[in-house]
Structures are given as structure tokens and as C-alpha cells.
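First subunit A sits with subunit B, and in the next complex the same chain sits with subunit C.
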Partner chain A sequence: MAAQTEVLAGFDHAHRPARVSMRGWLIRGLALLPVLALVFVLPAQSDDWTNDAIYAAIFAMVGLSMNVLVGYTGQISLGQQAFLGIGALTAANVVNTGTNAPDPFTFAIGIVAGVLVSAGAAAVLGAIALRIRGLYLALVTLVFGSVTADAIFTISSLNGQDAGVPAYRPTSLQGNFAFYVFALAMVAICIYVDVWIRRSKVGRGLIALRDNELVASAFGINVLGYKLLGFVVSGAMAGLAGGVYAFWSQEFSDKNFTSSAGFSLALIFVVMAVVGGLGSRAGVIAAASFFALIDPLFTGFAHHTGWLNWYTDHKAYIQNLVGAVLLLQTVIFNPGGLGQVLRPFTRWFSGKPFSLHDAGDAAGAALGGGDSVRA
Partner chain B sequence: MTAALLEVEDLRAGYGSVPVLQGVSFSVAEGETAVMFGLNGAGKSTTVNTIAGLLKTWGGQVRFDGSPLTGLSTTEIVKRGISLSPEGRRVFPQLSVRTNLELGSWTRRSVQKEQMAKVFSYFPRLEERVDQLAGTLSGGEQQMLAIGRALMSKPRLLLIDEASLGLSPKLTQTVFQVVDQINDDGTTVVIVEQNVGVLPYADQALVMQKGTITFDGRGSDLHETGDLRAAYLG
Partner chain C sequence: MHVVADTFSPQLHLVTPLISGLADGAAYGLFGLGLVLLYKSNRIFNFAQGEFATVAAIVAFLFDRGVGWVPKVPYFIAITFGVLAAVLVAMATERLVIRPLFHRPRVVLVVATVGVALFLVGVEGLLPYPQTASLRTISDALGVRSYLTQVDGVVVLDQDVAKLIVLAVLAVLAFLFFRYTHTGTAILAVSQDATAARVVGISVERVSMATWAIAGFLGGVAGVLLAVPPSGSVTPGAFTGLTLVVAFSAAVLGGMTSLPGAFVGGILIGLINAFANADHSFVPGLNSLPTSQAEVAVALVLLLVLLVRPRGLLGREA
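After this line comes the complex of A and B, so read on.
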């Protein structure tokens, strides 16, 4: 019973401190080395890999924004690409310095402006969506994403028309690897916000209203306020990702967020949140990185096997197919998503004993699986 | 006669456009336990949910300690001293027992420590399982948690919707005894029940039929008048 209680304590954030010896931490540190190599060493090997890694970091930020909204708040968004786009559009326009590299202060102002404007847009969507749920909420967010794309991203004075809006990086971030380190720092900020939300009174309020709005309100939790907060924090994180996206591609182009490109992004964002495991930070980051890297991974594979032309012609279908298969596999066989698979490892890294038979999984499955909340 | 803590006057409420409460009137004196009986659909849960502010009042009035509650937010109602243990227990399954209890004192953090100790004195089983996920508790333990969570805001009036639902007769009696103890410690209690086994613990009995109160009197009188039999068997 003691062991089971300990495991369950980790499921809801633990109240008892982990007791691991120095040797235990050393082993964990060594085991972390391959992960660190994957994150820091591999992207340094070539410019292409650095670019791919930055794209994965941007997706990870969007994944975390979905985690806050869907995993903790229990809301759905099929319009998250709009916040990404708004962040990118705002950052690019604020920092637009013609052909010159901006100074670091202007660059920072651009990023912060992207976050704030996205958060504001999310507050508008949240206010509209406060009293609706389920299918209707999904439809409203879908329409919001689509209308935003058509109404804002196509304004010629904002989108730079065919040439797009230039978004040059400051001199210190000109190199791709330096920019990658910056993107990782932004991911770290999103992780910090996610952890803070999960461990604070705010997180408990969000999860309570996700589990049962009526009961949460019976205890005086401000349901509408907290739902709105979930939308705003999620929108701000997606806006931050948008700012990084603009400076990574060094321009804002409306084509990346409108029509089929925008809709495709919206679907990928939802699918990666589900495949990662709703409420699972590590799972969502891993799934988001995977979805960002599908194209370069498949391109590399096709190149080596002589299928490059065929893959290039069919890549949109193949990527959608991979997403669909992973989604079905998750929903049918693994409702806790990638987070459920990773949890024995993340628990171990956090100082708890390694166990493949996590009572939290059993509890999560018994309670409906995919909704479980994990650190 | 002790002054009325809760006064419900011609209360009307419903869901969507469907009226459920057709003019409910009763009052509960401070320090007493009132039990509300009635068939499914009679409006018992609607009554307590409306008092707790979860449903909008269509008409009539609810007064608590002399002040009207109509139009107040649930947050304000909890702050004034009314707490609800909802039907079907509805604990937050993926949060620990401790976090569930902490959520109960959301609006009154200052009393959290004191109330948690009190809840554990009523339900020692919850202290043993304090770090366990609420969803992994047994039905009886979840009921204890639901009542304990409602006590965390240190309410003057505790509303319990169907405490015995899904519990064994033995466990039901245990829960009723604890509720009696809570009442003895000074909390006014209104229990919605289908189980007449609660009657010995009740100072006041109410019977609801089709959205109105058809009996309001002492618990002992209910046996004699036959209103309960009429309510359940027609």
C-alpha cells in the first residue's frame, strides 16, 4: 500500500519529497546525456538539422499551449494556428526595420508584442467561447481561426503583400545555432509557465473545472474567469511561438497561415496534443517535435532509398496519413498518449523509483485514460 | 424556537424552459437537521442546487440568516456560509484526496488547516488516503470525501444531496452518524434523501412532490401522517 500511495502521489503532484542518493542522481544524469545530445549536439551538426530543430522547438511551444488549454482547462481549440500567426504578424510588423538587423531591444519588444496581441485575441475568443462547450466550441474556434486568417492575415498593409513582412534577427542571433539556443530558452519559458500552472492554485482550479464545472463552481471557483485565463495563457504561449517562427523564417508570409496551410496546421496541433497525451508535458513536447520533424525525417529516408521524387509528389498525403494512424492508435490502444509511455522515465528522472506498472496508469485508464493529468 | 437560518419562499426554478420548482417554501432553523424526501424528479436536487446558486432563481426568494441570496454568485454564497455536497459524489477523480479537500476551501483559505483537521477527525479513513487519487477511492470513501470537501469552507449550512446513493446499508448508517455528529458540532444540515433510514437523525422532515413541498413538520410526525407513504407509493 505504501508503494502504491507513493506512485499515486506522483500522479497528482507529490506532497512528499523524493529521496534519491547522490549515486542515484548521478545515474539519472548519465542517462540524460543521450537526450541532451539529441537536443544540443545533433542540431549543431549541420545547418539543415539546426533549422529542423528550431521548427521542432516552435511546435513544442504550440504543443505546450495546447496542453494548457486542452489538457488542463478541458477546452478545445481548432484555431490555434491563428494565435501562432497573430504572434508572427505582430512581431514582424513591430520589428520591421527594412533591410537592417534590429537591435536586441527592438527585437525583444517585437516578441513581447506578439505575445500580448495573441493573448488579447485569445481573450476575445475565450469570451465568445465561455458559455459553449463540446462540438459547438470546436466549431467556434475553427471559424475563429479561419476568419482571422481571412480578415487579418490578408490585410495588405500588414502582411507585406507577396513579398511578406521581413523579420530580420538581431546580429547576435544571426547564426542558426544561436537562434536555436534562443528558441530553446523560449521553450524553457513555456515549460516553466506550464509547471507553474500545474502546481499552483490556478492549475488546481483549471483542472477542477475541467473535471466538473458545476461542482467547481459550487466551491466558489470562478469558472468563467478561469476558462478565460486558460485561453489567454494558451494564446500567449502560441503567440510567443509565432514570434519565434517569424524570426526563424525571417519574414511573415500570410500564405503559411491561410487556406489549406492554416487548416493543416490547426489539425496537426490538435492531433499532436492528443498523440502526446492530454495533460502530459513531456508527451506533448515529444509528439510536437515528432510532427515538426516528420517531413525532414521522411525526406531523408526517401532520399537514401531513391523515392525522393515520389515522396515529394505525395508528401502532404503521407504526412496526413501518419497523423491519422497515430491518432487512431492513440485513441484506441493508448489513450494516455505518448506521455503514458514516457511516464515511467519522467517519474524516474524526477527521483521516483522506476516502474513500468504505474498505478497512476491504471487509475487513469479506469477514469477514462486520456484525460489524466501527469507531471 | 431557534431563529430560521434558511428561509425559502415561493421558490421557482428549472432547466432551460422547463419549470421544476413550482413555488417551494420552507425554512430551517439554525442548528437543526432537515431531511427532504421525494421521488426522482420531484425537485429535491433542483432545490438545493438553486439554494447553492448553481441554478438561477426564476421567482421567489432564498434568505440566509435574514439576507437574500438571489442573484449572488456561488463564490459569494460559499463565503456567506453555504456549502453543497453534490449528488453522485462528484469528487475530482484525478486529483488527490488532499487537493480535493483544498479545493473545498477555495474561498476561505484561512480556515483550511483547521477544517482539514476537523474533516480527518470525522473521517479518519481520508487521512490514511490523503495522497491517493480520489478516483481510486471506494464509493463510501468518495462520499466521505464529498462531505468532507463541503465542510472545508467551514459552512454554517451544509447541503447534502443523496448521501446514501450507491452505499451499502451499513456504510449509509455510518455516513448518517457522521452527519449527525457534524450537526451536533453546530452546522445546520439539509439532506436530500430517498433512504428513510435517515429519519431518526432528522429534526425536520420535508416531502416534495411535483416541485412543491407537500409535508413540512417534525420527523416523528412524518411516520404518523402517512405523507411519506403517499409520496413514494401514491
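After this line comes the complex of A and C, so read on.
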């Protein structure tokens, strides 16, 4: 339900073909430098910062997986942390080499296995969810998340009991910065898949479904197949994030995914996807990084202002409050989220015409329309 | 009392789970009532319902104990204040969050209630009060013994009986409210077609406010009844994390559109939960089940209901 009225696409100011000169690309390249500095130079400053940056990369992957599911298929998910956990559990168990570093091949197998098992779990959930209409899907994913967490992650032969399953990195990725570059490469894969989905026939089909299922199926779009594909791709991305998570924390511990820890992860994922602006890659990645870095940022701030003790005692609550305020202001005042704010910039960078008052086509549409998400 | 028996014992395998199931079921039902009310009227799932309860429990606790500058008042006045606070929070939610989003898709409203829940948890967590404490029980406040009777060595608590009675009374009252009062009918009319309701002279805004006030009242009553020992507390987010998901399952089982259904669904889910969690060691091969069997059982029930009979046991079309 994009509030845009397109009468004649050919005369639409925002969509006329543009040509960017060599100098224009050069300027764009220079303007990109601060962004690159933020991604590559800043995390290299200290080991702790690199560590935090890897966490942000993991969140960015989860954000993209939410983007595919919620942004493109219009299905809400409150159980995304389960796929993260399944990916982490599988990767850690497949690679399980005790205290020795695995060889790169085993490591790769572990990551891929995490992706596949997660995608399989998503296919199962998707097959069930497709039969359930409207808002009830939110409940099913919520219950799926908490039940997987409590049923699978607590199996003692899989979670390594209290010690957790060790997940040591291969020697070439031992250092935090090397691992960070690896995580960024994984994010790049997710971005590529997201772009491919958005641009291909599949993506157009999904968005048509999201906006009006009946009309889309009348045009010959395979409703079940496309929705299932959306679920599987989203689950696979979250599984990839889970694999990276396992090797980031160098262990799988069920405590990170069960009960209240899992539940608050699920809520953070929804909050960051909405605040980022569903359907917008740049917005979702930015919001995901923000929520991943909220703790180190606030800790640093509290440290300098002398509130450190108070902050440490109330950490979870302060983060809740920040997330809630951002979420509420997004849904009430700024439905396009961060993506809508960033949109002129991303369009300028990619050499497309832009308008500072452009409502955007995809931004906000995910939460603005779609019969499939209406009760 | 947790004796491992390899033969069937009625006390261990029937009476204990029956009583704890009824008590838990009453809790799920109390939350379910509020969830059903808002689903019936606004067609949304209210994820903030658990925090309405927590707000009531905290305010009641502050007044009952006299924490900080809050004056100490008699128990029953304190719990009235608690319920009032929940009503006020619910009305504020309606005015500030729900009404601006009234014409947006329902999923946006659901996400917004998640935001309200997070917000309330955050605010509660920053208040300086003993967060792991719990409210006094009614019998404690009245100074009578805390249990009604003992069956087979299993204690029936006063508070649990009170929960069941309050739940039943509220379910019947709410049912009558929707069936026989003008306001109740108006709420249903708005839920079916807001524009048409406005045309026949119903104030959509006032009806929406009334609905949320009632939902806050139901949540508040649940809060002051449930935040008591042995298992309840006034911890921020406790109801949202532990009770709300199961309460949703209960409401779906009963039929999201049926208020007596919330009662029936709550009790049934409570019993399923309790019997799934009970000691199964007298059945060979079942004693090695993982500890989370109750959650799995509840999830399976929810899935089964949604796949086979989406309108639930007592609901109209879902």
C-alpha cells in the first residue's frame, strides 16, 4: 500500500534515467571513504572494538534475514533467534574438535551445515506457517522460537551441558580482525542474496504476494512455493549468522538462546528490523549494527560520565527503553524507518536520481500493506 | 513432595497435577480474558497485557509495603490502586499508541504493543524498589490460614481458589457485557466496521478507550492475584516472559473471540501443562523425556488447534 500515485511511469520525475559522469563517480567514491573508515578502520583500533564489530556483523546478517522474511514476504517472525541458535548449535557440533583449532575445510563444512540445518528448520516452520493465516503466524513463530530453544537446545548431548560446545576458529581466522573480515564477507553474501531476491522474478513475485495475495495468484504466482522460499532463504541467512556467532563466541551455550535471553533476542530482532525500515537493506543493516553496539556505546558513555555502576545494574532495562522508544516513534511517526531517512543517500551513491522528499517504494510498504499480514 | 514412584500413585500422578494445573490454568485464563477482549474488539494480539499486570502488581506492592515516599495503605486499598494504575496505563496506551495507528494494518498495531511491553519493562526496571519481592496473598492480608483444604496430602491454596473464582466471575461478566449492554454491543460493532459504527452514532474513540480500560482492568486484576508467593513476584517483565506465551495458546485454544473460551482454554492449557510436566516414571520409556515436555505439549496443542480448528473450541470464525 505504498502511498505513491504513479500515473505515468515514463513521466515520473524520480524514475527518469540518469547518467553519472566519471567525476560524479569519483565524488561518490570519495564520499564513501568515511563509511569505509567506519567499517574497516575504526574496528581495527582495539581488540575489543573488533569484537564488538563482529557482533554487529552478526546482527546485520540477522537483520537481512528479517528483511527477506518480513520485508519481502510480509510474514512477521517472533522466533528468528531460534534459527540463529540452530545454526550456532549445528556449526559448533559439526566442527567440534575439542580444544584443537579445526582445519579450514572442517570449519567451512560446519558453517555450511549450520546454514543447511537452519534452512531445513525454516522449511518445516514455513510449511506449517503457510497454512495459518494472518496474525496467528506471529504466535506460531513466537511459540516455535521458545519451544525450539527449550526442546532442542537443552538436549545435553548437543549443548555440551554447562560447559557448552567449544567452537574454536581455524588458525588463519584466529585473530579477531581476520575473523571480522570473514564475518564481513558473510554479510556481503547475505547482501548479495538479498539484492538477487529483490531484483529477480522471485522478489517481484514475493512483493506482489505481500501486497495482494489474491491478485498475485491470479497473475500466476505460485503462492505456496514463493512464500516457502522466503522462509527458507531467511532461515538460511539466520543460520549463517548463527555459525559466525558460534565461532565468534568460540562456543555454543544454550543459555544464550533459551528462556528470557532468547525471548529478548527475538524482540530485539523485530525491533531492529522495524526501526531499520523493512524492505530497506541499508536501513536494516544500520539499525542492526546500532542495536548490536548499543551496549558497548552506552558502557563507554556511562564510563565517561560516572554512571557506570548504575548503568551496569540497569543495562537490560535501559536497552529495552531505548529500543521501545525507537520502535514506537518509528511505527507512529516514521513508518519507513531508518531506510527512508537513508534512501536519498543510498540512491545517490548508486547513481540513481533521488529526491529528499521521496516516500520510497519499498520502504515502509512491508508494514503498510499486504493482505497476508492483515487479520 | 517430588517422589519418584515406579508404580502409579493417584496422589502423585493425578491429584497434584490436577490442582497445580487448575491454579496455573486460572492464571492463563485471567491473561487470556484480556487478550480475547482486545482481539474481539481491535483484532490485535496485545503483547503488553503481561506488563499491565506487572504495573498493577508493582503499584499494589508499593502501597502495601509503603516503599520510599509512597504511603502505606491497607491491603485492599493498595490492590485497588494497583488495578487503577493498570487501567490508566492501558488508557494511555490507547490514546498515545493505538489511536494514531488505528487505520494502519493490524500487524503494525501488534508490533506497537510489543514496543509498549518493552517500554513498560524498561520503566519498571529503572524504578527503585525490591524487584524480586512479591505481593502479599489475600489470606496473608486477612490473617487467615493460607490453605483451604488438603487433599491426599496435597495443599489447596486460598489464593488459587480466589484466582479460579475471580476468573469465572470475570469471564461470565464479560460475556454478559458483550451480549447485553450498549457499550459491549458498540465495541463489537466498531470491531466489525468502524465507519458503519460511526454512521449510526457510535463514538469510535470513546469505545476504543473503554475497551482498553477494561483490558487494563483485567490485566490489573490478574497482576494483583498472581504476583504472590510461592511462584509469583513483582519482577519487571516476569509475566511477559513466562506467562504470556502460554496465555496466548490458551486464548487460541478457547477461541480468540470467545470470553468463556478464554476461561475454558486457560484451564485446559493449565492442565495439559501440569500433566505433561508431572512425573511419568510409572510409564516405561517416558521417564527420559527432556525437561521441556510441557512447552512442547502446549506448542503442539496450539499448532493442532490452528491447523484443524482455527476458531478454537468456543470461538466463532477466526
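What we mean here is this: the second predicted complex is superposed on the first by the 338 of 375 C-alpha atoms of A that agree within 3 Å, B and C clash if a C-alpha of one lies under 4 Å from a C-alpha of the other, contacts with A are read in each partner's own complex, and residues count from 1 in each chain.
Methods note: contacts are C-beta pairs under 8 Å (C-beta built on N, C-alpha and C of every residue); 3 or more make two chains touch, one makes a residue touch a chain.
Bear in mind that the values here come from a model prediction, so they are computed numbers and not experimental data.
Undergrad: With both complexes overlaid on chain A, does A:204 touch subunit B (first), subunit C (second), both or neither?
TA: In the superposition, A:204 contacts subunit B only.
Undergrad: Examine A:158 and indicate which partner it touches, taking first as subunit B and second as subunit C; both and neither are also allowed.
TA: It touches nothing on subunit B or subunit C.
Undergrad: Just to be sure I read the superposition right, which of the two partners does A:124 touch: subunit B = first, subunit C = second, or both, or neither?
TA: neither
Undergrad: When both complexes are superposed, which of subunit B and subunit C contacts more residues belonging to subunit A?
TA: C
Undergrad: Quick check for you: in the superposed arrangement, does A:221 touch first (subunit B), second (subunit C), both or neither?
TA: first
Undergrad: Check whether A:76 is in contact with subunit B, with subunit C, with both or with neither, and answer first, second, both or neither.
TA: Only subunit C; A:76 stays clear of subunit B.
Undergrad: Answer with first, second, both or neither: which of subunit B and subunit C does A:324 touch in the superposed model?
TA: Second partner only, subunit C.
Undergrad: With the two structures laid over each other on chain A, which partner does A:101 touch: subunit B (first), subunit C (second), both, or neither?
TA: Neither partner.
Undergrad: Using the superposition described at the top, list the residues of subunit A that contact subunit B and also contact subunit C.
TA: Shared contact residues on subunit A: 367, 373.
Undergrad: Along subunit B, where are the residues that touch subunit A in the complex?
TA: 52, 54, 73-75, 77-79, 83-84, 86, 90, 92-96, 98-99, 102-104, 106-107, 129, 131-133, 135-136, 149, 153
Undergrad: Per the contact definition, I'd like the list of subunit A residues that touch subunit B in the complex.
TA: By the definition above, subunit A touches subunit B via 4-6, 8-9, 11-12, 14-16, 204-205, 207-208, 211-212, 214-222, 359-360, 363-364, 366-367, 371-373.
Undergrad: Which residues of subunit C touch subunit A in the complex?
TA: Answer in residue numbers: 43-45, 97, 100-101, 104-108, 110-112, 114-119, 121-126, 236-237, 241, 245, 248-249, 252, 290-292, 295-296, 298-299, 302-303, 306-307, 310, 318.
Undergrad: Can you list the subunit A residues touching subunit C in their complex?
TA: On the subunit A side, the touching residues are 1, 76, 128, 131-136, 138-140, 142-144, 146-147, 150-151, 154-155, 259-260, 263, 267, 270-271, 274, 314, 316-325, 327-328, 331-332, 335, 367-370, 373-375.
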